[in-house]
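Both of the next two complexes hold chain A, though its partner changes from chain B to chain C.
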Partner chain A sequence: MTSSTVTPPAGRVTAPRRRRADDVAGLGKARAGLFVAPALIIIGIFLLFPAVWTVWLGMTDYRLTGLQAASPEFVGLENYTEALTDPAFWNSLWLTLIFVVASGIVGQTLIGFGLAWSVRNITGWVKALIEGLVLAAWVIPASVASFLWLALLDRRTGTVNALLGTEGAAWLIDHPMEAIILFNIWVGTAFSMQLFSSALSAVPPSQIESAKMVGASGWQQLRDVIVPNIKGHILTNTLLITLWTFNTFTPYLVTAGGPNGKTEILSVYIYETAIPGGQLGLGAAISLIMLLINLVIALGYVRVAQGRRKR
Partner chain B sequence: MIHHSRRGIVAAFAVATASALVLAGCSGEAQPEETEDGPVTLTITANAITGGKNAAEADWIADWVIPQFEAAMEEEGRDVTVEFEPQGVDDENYKTKIALDLQSGEGADIIGMDGIWVGEFAEAGYIKPLSEVAGDAVDDWEGWEQIPEAVQAAVSFDDERYGVPQGADGRVLYYNKTLFEQAGLPADWQPESWDDVLDAARDLKQVEGVTPIQLNAGTAMGEATTMQGLLPLIVGTGEQVYEDGEWLGDSDGLRDALDLYKTIYIDEGLGDAVLQQEAAGRDTSFQLFAQNQIGILLEGDYFWRSVINPAEGVGTAPMADRDTVVGYAKIPAMEPGSGIEGQDFVSMSGGTGRVLNPNSEHPELAWELLAFMNSAEAYEERNATTISITPRTDVNDAILSEDPMLTFVSEEVLPVTAYRPPLAAYPQVSTALQQATLDVVSGSSVDDAMSAYVDAVTDIVGEDAVAGN
Partner chain C sequence: MTATPAKTGPVTSVARNRTVRQYVARVLFAVLMTLVGVLFALPMVWLVLAPFDATPTLSLEWPDWTLDNFARLAENPYALRSIGNSLILGVGTMVIVVGLGALAAYAMSRIRIPGRDGILYALLLLSSIVTGTAAMVPTFQIITQLGLINNYVGVLLVLAGGILPTVIFILKDFMDSIPKSYEESARLYGAGPFRILRDVVAPIARPGLAFISIWTIVQVWGNFLVPFILLRSPDLQPAAVLMYTFYTESGQADLRLISTFALLFSAPVLIIYFVVNRRYGFRFHGGIKS
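On to the complex of A and B.
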């Protein structure tokens, strides 16, 4: 951070230094390339090849079973037009947006920050207990967590119905989106909490003390001292949470995309299309669309981050 | 120089390691060469698991088939180990799993599957005709003479045998005699029309805490919705899902069937519509029936044998008083005489079977095992605890009289039953039909559900192949 804000002196003086930085080990390009080659080959095989393969699959009518499984035909962009004109796809994208905003950006980030903020001055066992409970939700395997939630929300023998006296309320049928949003907040808040906890502890106490001395209220301290100090963390956290929430498949274990597609977020929609639905070609096409959306989110983040650094 | 060459070696080593990794990833596990007499391992997979789904079949494979076959092989001086890979999941998930296994050239040597998947698996090249996989021994097998053509057809495609059927089944209306008594209905019940069924359901509605009727609907139940729901209704209107080279389109019969769903679930609240949308709805319907909370349930004889069977470790929702409390009746046509072929009563039959994996390394031996599993002796053992209708006439003649329910299916239901079209497109059309029932039970109008169905089926098979277009 500091080095990039220092304006490098222009001219010859820095030139040789830069050259040396390009080739610290003195290997030369060819030999350096050989060293990187294994990594590149592995990335190529396991990352690039599947991506290219997905592009190719997305342009065929390949299916899991039947004639098109034995001899798929090239259909060009048909899968993409089919996906983009299918109301089910747009519905799924819309559900994904709601899911990401409500459970990821708003839910996990705000609650995570709120928890980190409220336990920052507590010490001892209370803090350990709160952090432990939140972390527990994060470390429990997804399959176990989803089973817990099924038991919690079950229509006939669910804990929630027993506690609230709402016997027979089918939460997962009547409020499926709310259920998976709460579920995802529960699962993921620990990450934000931990990240913000460490960010808050890095805020210089002198700045907070100065703010207090000039009579800043709690809200003013938060707005003018804390947030400017942890902006980078907020950005990183938001990006990671957005991408994770966008790509998560765990809600499938709770609602299986149902009832009638009401919780079919994009990852679930692709799975339903490609595997049980057997339309691997169409599934690949939608996967590529999803990949592009991921790239756009990541690029957007990089731009914002760069803009911050320039300032 | 030494300096340089060492670097070169390091780099070359790194590249070699990477390519070795890559090659290992591509070729899968290396298989040691095996001679004819060396130790051989065969695997069987089925959607059956001890203590869970189809437990009787799983126990039979693990406790009888495997030890008996291994012993028989040992007598011939061959070292054969047989492994069973149990599964206990929804049929749709099981189908996905074996499709992926076969697609990647892996999978068990003997695979249990629903007969209706045979078409699409065969077209995909995942499975091959038995005689192509295992040679002449297949056609010489004594068992074929004992298995009626119609039963063989359940796991055949394009007039070729792809597997050995495991049996025949039929669908009936199960009803709870205790609840019927409370509702003032006769213990010996046989409805003659859909209206009779609805009337009984209306009487049952007066009994507190009881869901009068549960008619499978929705996509979560998969093929159970079509086989134990919509298809028996459609044949009761005199129509079929595939007839004269055309698939069912917007027709009076389908409309009547969807109307019945609407009457039961929406208009009169005779069934629990929410249950049909739950992810584990079918299992829940089994539990509720076993707990005397559902009056009437349309199910196959599987329900009698493997779900409410009180024998220890056999049923997934055992009913201790099954034989006295649970009644069964033939499924009526919409009105007397309105069923296919002018029938008063209808049913649907399918059949599961076992196929050979074409990727098997020991196809001939796998066939020996498969034939062994389908020998008369094996079926007698299989039916020692739970009786089911076997594919073999010789065995059926000997055992069926022991179980009144299966005698009923064999004598009363199988003569009026219908089969699904053995075509690769059927499973997709079936999904479209399931979606139509889901639309209706979640509140759409029959018109909307119908037009969505017609769009879907047109997409699947093309406009010319849909009746009424």
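On to the complex of A and C.
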């Protein structure tokens, strides 16, 4: 897999060896600019501008309703001091960290790798079934997936309570964080599984053979042959999963941040502050913090990707 | 299987021990895989069974088979309309994104614009940073200021802005792989750039365009956050938001309606994924999923 997020279908036309002059279609610079402009304008207004505007919004007392909605005032860094001194913000950041590490980095990556490793040598319907189930969990739209989990964990008639014989156990109230962590693992493991599947199939079989010849155990093969070979993939996977898990809003559909803010990860916290809470300025300030964290993760990803390309 | 004491010496004993161990490992492996399979399947069984049950509950039970629920769903004024709304948003975004993306990707592929690769990577980076909730507040503000709240134009533009960088990136790859000799000969016969793009490049790039079109529709089909924030009236809501409304706002949840609707809403993307994917070897590796 390349570093881009999507792998195009196989069987595309290969480029000719011989380099030809540029601009074979007689496009000309001006017309080329005209071709590129509409896309760039949309990206500029609806992607770039919001990011920049967050900086300004975060320094105003913008509200959804009332006086500040009509004429917001500049308040400087007040929103930032308010956010950074609010225990609810730090609590939310802490919950996000737990969520990202447990469900993304540990859960999805390890289970995804475990699945890819387990099914690498088996063929036929077992492999198709396991991969199909994991993929289906990923493909089902988020609002359906979250209802399926509400049904699964329901207090009175949920399947989990029926299977475990724990009638009346309120999983979403007593263990809300564990619930959304498992939910997110269920939803997202497919990506890691696919990525590691393609990574494992690219490990030279001769290296594994020679490791077996000298009597390396399965664990030693994994540590000394497989992991060094797929190091780049592991990093890519970890960074992408971190970015996505950090930004996901889907847990809101399961627990709505509750009970008592116990599952109020940062994305939910921003939503609650800005839209139902109406404090757009404060929400924008926290958004900027989130954007900066995203930037750090993404720059890490770029560095890794570039390092891989150079080798 | 029990390991019988070896009678013929240590060598066979070792060999037998190994086969025993391999056998046990294989059984354990099979048990583990079954367990994982069951854990992943468990939440989905309800989605497959409940819609066909005359009296569905939240628990898993063998259905009292019926198709009545689907007939009832057709009578619900919001359900089918919301599926139509999802289709409008999906196809609308696809048209914008594929049209503008193809133009931009083609120009970027054929003309050496200074700093082109840098721009492309910056855009891709931007789209992965300014995503989902992090961009929610300013996006909401912009759409409010433009007066496009509760309007499909706003939703379409926001969705397109988020998806376009990835689309341009992938399509440029496709355009790069198209031999330039075709365009040269077309030009010799006097075809202009638009004509070349439409009659020469587009047909060759068709696999790429088809892939991007389907990928875009799948992305938009499941998107919850953007329409959830930018749309107000229930008439306009796509299925992703209506599904959520169904189980949060309707006092006593109507499980016959919810289960059937959930299946109808999930089926298209599942079919696209498993049929089209298998057939044409498409692989949807993530992307913008929020």
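The criterion applied here is as follows: the second predicted complex is superposed on the first by the 256 of 311 C-alpha atoms of A that agree within 3 Å, B and C clash if a C-alpha of one lies under 4 Å from a C-alpha of the other, contacts with A are read in each partner's own complex, and residues count from 1 in each chain.
Here is the rule we use: a contact is a pair of C-beta atoms (placed from the backbone, for glycine too) under 8 Å apart; a residue touches a chain by one contact, two chains touch by 3 or more.
In this text the structure is predicted, and so the values were computed from the model without any measurement.
Visitor: By the touch definition at the top of the document, which applies to A:Glu78: first (chain B), second (chain C), both, or neither?
Guide: Touch partners of A:Glu78: none, neither chain B nor chain C.
Visitor: Between chain B and chain C, whom does A:Thr65 touch in the aligned arrangement: first, second, both, or neither?
Guide: first
Visitor: Thinking of the overlay built on chain A, is A:Ala170 touched by chain B (first), by chain C (second), by both, or by neither?
Guide: A:Ala170 contacts chain B only, not chain C.
Visitor: For A:Trp186, decide between first (touching chain B), second (touching chain C), both and neither.
Guide: The second partner, chain C, only.
Visitor: Determine, under the contact definition given at the top, whether A:Asn260 touches first (chain B), second (chain C), both, or neither.
Guide: first
Visitor: After the superposition on A, what does A:Pro38 contact: first (chain B), second (chain C), both or neither?
Guide: It touches chain B and chain C both.
Visitor: Would you sort A:Ala151 into first (chain B), second (chain C), both or neither based on which partner it touches?
Guide: In the superposition, A:Ala151 touches chain C alone.
Visitor: Going by the contact rule stated at the top, is it chain B or chain C that touches a larger number of residues on chain A?
Guide: In the superposed model, C touches more residues of chain A.
Visitor: For A:Glu178, is the partner it touches chain B (first), chain C (second), both, or none of the two (neither)?
Guide: Neither partner.
Visitor: Contact-wise, after the overlay, does A:Pro276 reach chain B, chain C, both or neither (first, second, both, neither)?
Guide: Once the two structures are laid over each other on A, A:Pro276 reaches chain B alone.
Visitor: Once the two structures are superposed, pull the chain A residues common to the chain B and chain C interfaces.
Guide: Common interface on chain A, chain B vs chain C: 27, 31, 35, 38, 42, 45, 156, 275.
Visitor: Quick one: which bits of chain A touch chain C in the complex? Just the residue numbers, please.
Guide: It is residues 1, 4-16, 20, 22-29, 31-33, 35-36, 38-40, 42-43, 45-51, 53-54, 57, 62, 111, 115, 118-119, 126, 129-130, 132-137, 139-152, 154, 156-159, 162, 186, 191, 194-195, 240, 243-244, 247-250, 253, 266-268, 270-271, 274-275, 280, 283-284, 287, 290-291, 294-295, 298-299, 302 of chain A that touch chain C.
Visitor: Using the touch definition from the top, list the residues of chain A that touch chain B in their complex.
Guide: Checking each residue of chain A against chain B gives 27, 31, 34-35, 37-38, 41-42, 45, 63-67, 69-70, 155-156, 170, 172-174, 255-256, 258-260, 275-278.
Visitor: Flag every residue of chain C that touches chain A in the complex, lowest number first.
Guide: Interface residues on the chain C side: 29, 32-33, 36-37, 39-47, 57-60, 96, 100-101, 103-104, 106-108, 110-113, 121, 123-142, 157-158, 160-162, 164-166, 168-170, 173-174, 176-181, 183-184, 186-187, 192-193, 196-197, 201, 204, 207-208, 211, 215, 218, 221-222, 224-225, 229, 239-241, 243-244, 247, 258, 262, 265-266, 269-270, 273-274, 280-287, 289-290.
Visitor: Which chain B residues qualify as touching chain A in the complex?
Guide: Per the stated touch rule, the residues are 7-8, 10-12, 14-15, 17-19, 21-22, 25, 92-93, 96, 99-100, 103, 117, 119-121, 123-126, 218-220, 274, 277-279, 284, 424-425, 427-428, 431, 438-439, 442.
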